[in-house]
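Both of the next two complexes hold subunit A, though its partner changes from subunit B to subunit C.
Entry: the complex of A and B
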């Protein structure tokens, strides 16, 4: 499973990597993906701090084969003035497909993080299961987090849900740690890491450590 | 099951009758002369005519909005009669025409105060004019002004002038501009400082004449520390052509005042093939101007061929709060695109959104909403929940929320789910001797309970009935 590395050779490979980590801005992310019967795609998108960046990611996944599944996750860290826009469209065209999406991010400085996610379930795509979650934390007064979690559903036998939150680091948690002698900065760091943990767990160790060291 | 569904979706619209009453109209079409005519019929002061003409000129430069998830049929604005009123008998100008009396009786809105539901004052609007407003004297004793908009213009011009278009500016959107140019009648309500309104106030809107549109304007002002519960209901006859209803509602809530606004919308939804029905294109907005103000919207939307409606709140005062509770039911070929906007400006402002969509038949039902937290809204909090229930495999249920947070000490949460009435749930009820139709009504009632329980009592009963009638035959 070396497909988690950021090897450039992988992009020239025409065959779709079913299990991969993409670094936004460094790796070329396919714009359109088609999943046939029985395919299982598990991708993780990572955006690392990069001052001055203005990036837009468009990803369009179409589950065309019955029984295909998608497992998509993302993490973004925008501490300065990054402008990041994630535009994810998941289209269910066949029966018995499932998709799950989990995005977590931090916005600080005067950065602007936009998550625009659409789940579209076409007529006849019965027994679809689709979940989308997007959570972001605002770290500064001038940062903006914008979320458009959209559902468009034309079939009735489906279980679809989305959840979106934007908020701040919990003060009570911080107080708990500080009352036990953990310094404020370290407490905040721990909180941030635990917030990102569900997506961090999907990353290879070296990348995970890199992100943790930047928190 | 399918057959049962089929049967259940066929429904009767019992408010679909037409009242034969002599009416006077202005000619079809819309230009500055028509607006001058309407203004002259109503005997309006010059400033209001200027307001209308200004709005009309703005409207001419605007484009019809098509961003909704709707199939808005082309509307010929020159083919609409903008003013229709039942002709007043010169013999008895003071009394209400018995035919109109009977119409409202039939709709369950008796205009005779003795027969009225105790504790509800009604302003009844028939096409373009207000027929009567009940309990005005009782209310006047407390200093409350509750009358038709035209009367308010005559009797309280200062109040009207001060607040008109202060929440929904003339050029806010295409339909609000159209309304500002041609609005006919509506309700006006002012609750003075510290007064708790002793009864529910309500408006009842009825479209009767063919080929007309209804453009009512409602203005509600709740002064410091006052309290008000307001209800709105509406019906129209069954016709094969679409009729336009473009209303504007503005609510101003001052410091520590509390306003509850409830709507049960039952305009004619068109037939099973999607012919006819009302195009309900409405702008409703309130502002919590002072500290601790509270505005609550509750809506039950079952009618209209097309619903385009986003009751919104601007939370300007610190610690002010707002709620939006909605049940939108679409059946056959109905389309609804409805939701809310919560704009947090003041510190510690709170808002809560609960939206329950039910779609059946070939209908499309969308929730569209905006939660915006401005940088200064320290400690703001919002929680939204949007659920959709699908009945049948040919309908659509959609959610289009936008969350824009630019305040690091605020919390915004949004959650949405989509599901259907499961065979298991139905089977469970059937097994215990509950008929299929009752079981569906039970499940839908339970699903919508959180919203229905917010309605004033008289309305809750009606809404519950409406939901089960509208759904007659719709589940699978």
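Entry: the complex of A and C
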């Protein structure tokens, strides 16, 4: 990856690929996406280590058509001094739409990862189902992982939730592995892979292996 | 010269615990435990809730959040307290967890490959070839009555209580320890699962392998007959005996034993 900045243009609907993996900093990610009736969008955003990177991703998804759905996931690995800002806005404008978001990331060194996630359920968007989860593991004391989840709901028949965690690797898991003879460093690596697993499972094998090799 | 403070034992004790004091977050739980385990022996450690039974297992295996404030812990003459958890595992100690940990995204095969090859590396041996490893995995799964389909499952994820405990015994079979510590392996198991787990343990019994069986109940000891029974109460071993002690506890409870 030789260019880690991004300044992409709005992409029109008919250029959309409904199933896609985007490499942040390499692939152009549409800023605004509109989903019509019955559309299903399944995207995975991947940010790989890129020393010195300072990247901002803005993505607005508007579920305009009844019954449309969004399945968005992201993974980021920031081991050194990367700065990553994800600003994701999901707007439910129609009835019976669903959106699911899962972001997982690692922040080490003095890197900084910020996730701003807004779910906006408009008046009339009844029977909306929206879930947003963002979890980060800090690999160093100096790394920062901030999560700012926001829910704005103007309809009364909805199921919405969000969950956000930031923490260090679990010591009990580490002890379990070490008690089986797995050395500390390898235990931490396996823990990291385990943490990222739900998003790794969405990726093609070569990319999954590339990420695992960087853990 | 013996810089490590290790000494050859003048007897055949595999594990020697002398006046062990240990606790967690400043609270003393073990208040002077003495215990000696010989080669090939099966010792049951019984006691009421909060007696310190699980703490004993955690301290022997080197859990970081438990602090040792006094006493000695020697394994094959080596000072265990100076060894990391993985080094204790390489030396031949295995703990079957009361609450086995789930590791999503890591298959049993990959988990055990990492464990077995780490142990081999520590012994100066090369990694097992993939074919050799799979053969060993299948052989040990069969030994503990575990369906080979589990090899691809994520470690303990979605397992029933019995399956988790059986997976612990399977891991023990893979790592072939010289001392297996079973921490409340019987908790949460129905009789059939208990018997299967006990069969697995019995299949691993040998003159070269010792066990510490930590339990509340005598039930498991009907299937795995211990050579010695110890009662741990309020952080101390208050009674030592043979299998008949377990039966007496079953009749009268722990209250009368001091």
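Everything that follows uses one rule, which is that the second predicted complex is superposed on the first by the 201 of 215 C-alpha atoms of A that agree within 3 Å, B and C clash if a C-alpha of one lies under 4 Å from a C-alpha of the other, contacts with A are read in each partner's own complex, and residues count from 1 in each chain.
Here is the rule we use: a contact is a pair of C-beta atoms (placed from the backbone, for glycine too) under 8 Å apart; a residue touches a chain by one contact, two chains touch by 3 or more.
Every value quoted in this text rests on a predicted model; they were computed, and no experiment measured them.
On the superposed subunit A, the positions of subunit B and subunit C stay apart, so the two partners fit side by side. By the touch criterion defined above, A:160 reaches subunit B but does not reach subunit C.
In the superposed model, subunit B and subunit C sit 90 degrees apart as seen from the Cα centre of subunit A, a figure rounded to the nearest 10. When the shared chain is aligned, subunit C comes close enough to touch A:181, but subunit B does not.
Applying the stated contact rule after C-alpha superposition, one finds that A:172 touches subunit C and leaves subunit B untouched. Once the two complexes are overlaid on the shared chain, A:29 sits clear of subunit B and of subunit C alike. In the superposition on chain A, contact of A:212 is made with neither subunit B nor subunit C.
By the touch criterion stated above, A:196 is placed in contact with subunit C alone, subunit B being left untouched. For subunit A, the partner that touches more of its residues is B, with subunit B and subunit C as the two candidates.
For the pair subunit B and subunit C, the minimum alpha-carbon spacing after aligning on chain A is 12 Å.
For the contact definition in use here, the subunit B contact set and the subunit C contact set of subunit A share no residue.
For subunit A in complex with subunit C, the residues that touch the partner chain are 171-173, 175-184, 186-187, 190-191, 193-198, 200-201. Subunit B makes touch with subunit A in their complex at residues 69, 375, 388, 390-420, 476. In the complex of the two chains, the subunit A residues touching subunit B come out as 123-124, 126, 136, 138-168. Considering their complex, residues 61-65, 84-86, 88-90, 94-95, 97, 100-101, 103-106, 110-111, 114-116, 118-119, 122, 154, 171, 175 of subunit C touch subunit A.
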